[in-house]
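Letters are used for the chains, namely A, B and C, taken in the order the chains are written, and counting of residues starts over at 1 for each.
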Amino acid sequence: MEVSDNISSRIVEAYIGEYASGKSEVAVNRALQLARQGRRVNLVDLDIVEPCYTLRPIKKRLLDLGVDVLAWETRETMGLGEAGNILRPGNRWALRRSGDVILDIGYGVEGARTLHLLEGADKDPDLKVLAVINIARPLTGSVSDIVDYVRGLGRVDGLVNNSHLGDETTVEIIQEGAAVVAEAARRLGLPVVATAALAELAREIGPVDAAGNPVRPITRFMPQTFW
Amino acid sequence: MSVQPAMPKSWRMDTKPHKFCPGCGHGLVLKALGMAIDDLGIQDRAVFGCDIGCSLLSWDFFNVDSIQTHHGRTTPVITGLKRANPNLIGIAYMGDGGGYAIGSQHLVNAAARNEHITVILVNNTQYGMTGGQMAPTTLPGQKTETTPYGRDPQKTGYPTQGPEMVAAITREGAYVARGTIANLNQLKGYIKKALQNQMEGNGFSFVEVLSACPTNWRTNAEETWKMVEQEMPKYFKVGEIKVPGKEGRENG
Amino acid sequence: MAEKPIEGEKRVFMTGNEVVAWAALAAKAEIMYGYPITPQNEIMHYWTRTAPRFGREFLQTEDELSAGFTTAGGVMAGRKAFTATAGPGNTLMQEPMSMAEAMRLPVVVVVQQRGGPSTATVIYSQQEVTMTTMGGNGEGLRIVYSTATHQELFDYTIKAFNTAWKYRFPTFVLGDGYQAKMRESLTIYDPEARGIELIPAEPYLGRPGVPGVDRPPAQYRNTYNVEEELYEVLQGYFQDYEKMAPEVAEYEAFDTADADLVVVSHGVVSRAAKGAVKELRAAGYKVGYFRPITLRPLPVKELRELGNRTKQFLVAESANGQLARLLKEAAYGCPVEMLPMFKPGVGITTEEVVARVKEILG
């Protein structure tokens, strides 16, 4: 059962976080969740350290599922990451597009500062910057690590627990993540917006996890990209 | 109907819009270069070499014969070309990594031998294409992917002073300047003089350009210009550093 | 102030490049020298982020020539030093690596293969096998591990330091762009907590005492006067290499005893080969799987045994016969027919291997 979002207000979410924390997967699924509710959604690739590896390969499939994807087409680019293009010009203006805007912000030492590249980010009243946390990633494995990490990111409005071990993910690790992220969030004074979990595991957990966070079921798309 | 700003004749129209990031300085530098090529009427004789990194995206930018080389090797390729056919006007275009790191030995030696080529080096204080690592021109305290806590000059030195080095090791006949995308008319003038220096057979010419990379700097428009116009000139002085016939003068 | 990077062990989710950085930390590597080149940059990114916490050092050099030579300097100072590179950077590494080969230096180099030759693609290939195993102007006196999983990237990066310091041959961990960027779970651990002894480093230069007074001066060279002198030195090295080979060579194999055809592959392609052989066996085909884990030294004895009793090898690689060339040399004289499945710079899937085997066997 999906919880419908407030129909009238515009949803603008920027997913940031550690390398391989699951930002892209969470962003893609969030965009699809909104599209299924009949909303107009724009999914934007703002990964500028590893451009073109995430959304580009699945762009067509997402378009067929009703999500407008702002990412390079393979044929528009040249080389990738050493002889290629980083920022797609149209992506700078993503906030001007009508409908919801879901942003996949890549990793990088500057964290949330990447949002400076988004025209109007500092003034957008609906923008929420959400940090995706996977406690199976060594640099965000404990409450204190997560607190330090999130503090170093810059502007963060909420956390998303995306604790997983890829194909080996179990309900235990998701729930453990929920508890750790919830405690970190409490210390940071931030809300935990959701726990993301693979659809089968989400069914086992139910609509709310052990820490009381809403559960967002995820279908994996990233294995169809390079990773 | 929209009004299109005039583009240099030597630009290749079917490869536009170009592939550089929005806000990138390369487009501006290449415009200045294009205008200089137009003014000097050398579109048929010029050969444009580019390096690995964002400069590579200019391989099909002009209606000028071009070659994309290896990282740091644009200077020797253009040197070899010019030596084999001195009628050509050799332009070696590269970034701060290609010129001051991996390409530094070639830059130093081409300068020392007074090769009759023109090197244009775009300085945006980091390695853009590969994701924003430290470059020789990274400013003290600047955060990059390999200086995540800020560049510590105690450990990695201060930003490379390229044109000053080239001026010191070249003799009479070399032209050396540092321009900026914040002043395109001045930059075009420097590039033109650099190319003329080659055309007149005087010697080595080198122009460094202070440029912007808002993508890797993660800066909005205001912060980008602040970096180019205020922060970078603290370490990199804009002006002519060596002009043939004006031995002993420091800055233009 | 320096804590241990990993206490005990834990299950984590990482990209290959990060695995390398953590393994080097766990192996007590003290300094990394490196230069940016895709697809290995994250090894540097993660090393620079974590190094200060654990008291380790880093230098970004001006290029790969320097990265290789600074690593040589680092080991000569008696520190566990390493570097990482790919593609054109690996090409540049050949000069410093020949010096390491000549002077028996325990340098550790991680190579994440990308398309070649020249800049080509930044993504993936297995086209640096020839260069990594036999590069430079030497005789291939190197040790090369070819990994296929993140667990192996972790295990063999740690092992590489031990192998290098024990046998004193430059040691390489040969990965590729897919392994570098792919995400997988693995168990990272403190090697000493698992009973793995970490061979200590020791200085070549700068030991205590006044040279010529308290101790002989430590003086090293890589230059000789006459051919005979070089010949003697190399004979000594060849003997050391032959002695080391059976202790270091590793391989993985199954279902070869009654196989008509054995699929031979290395690195990440062996994952596809493994899946294919299992599928084909289930469908009744008599096929086997062989994977050299060390490309230098190759497990020659096992290869020749297999080459003497098997009709055909299918050599599957993302290169134009670079693995095949090594196998042919090792199996020279064996009656086995070597069939190619060469896809330079392109990934190979289980389905493709299955199709190719069916094409051959009918």
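The criterion applied here is as follows: a contact is a pair of C-beta atoms (placed from the backbone, for glycine too) under 8 Å apart; a residue touches a chain by one contact, two chains touch by 3 or more.
Note that the structure is a prediction, hence the values are computed from the model and not measured.
Engineer: Pick out whichever of the two, B-C or A-C, is joined by more C-beta pairs in contact.
Structural biologist: The greater number of contacts lies at A-C.
Engineer: Chain with the smallest distance from its CA centroid to the overall CA centroid?
Structural biologist: C
Engineer: With chain centres taken as the means of their Cα atoms, state the distance from chain A to chain C in Å.
Structural biologist: That gives a centre separation of 35 Å.
Engineer: Quick one: report the Å distance separating chain B from chain C, using the average Cα coordinate of each chain.
Structural biologist: 38
Engineer: Which parts of chain B, given as residue numbers and ranges, touch two or more other chains?
Structural biologist: Answer for chain B, listing residues that touch two or more other chains: 52, 130-131, 145, 148.
Engineer: Which positions in chain C are in touch with at least two other chains?
Structural biologist: Those would be 37-38, 45, 49, 119.
Engineer: Name the residues of chain A that each touch 2 or more other chains.
Structural biologist: If we look for residues of chain A contacting two or more partner chains, we find 50, 79, 81-83, 109.
Engineer: If we count contacts the way the header does, which residues on chain A are in touch with chain B in the complex?
Structural biologist: Chain A reaches chain B through residues 48-50, 77-79, 81-87, 89, 92, 108-110, 113-114, 116-117, 119, 122.
Engineer: Quick check: in the complex, which residue numbers of chain C touch chain A?
Structural biologist: 10-15, 18, 22, 37-39, 42, 45, 49-50, 119, 121-123, 178, 181-185, 188
Engineer: What does chain C use to touch chain B in their complex?
Structural biologist: 34-38, 41, 44-45, 48-49, 52, 58-60, 62-64, 88, 118-119
Engineer: In the complex formed with chain C, which residues of chain A make contact?
Structural biologist: 19-20, 50, 53, 79-83, 109, 134, 136-139, 141, 164-168, 222, 226-227
Engineer: What does chain B use to touch chain A in their complex?
Structural biologist: Residue list for chain B touching chain A: 17, 19-22, 52-54, 56-57, 68, 128-132, 143-145, 148, 214-216, 218-220, 223.
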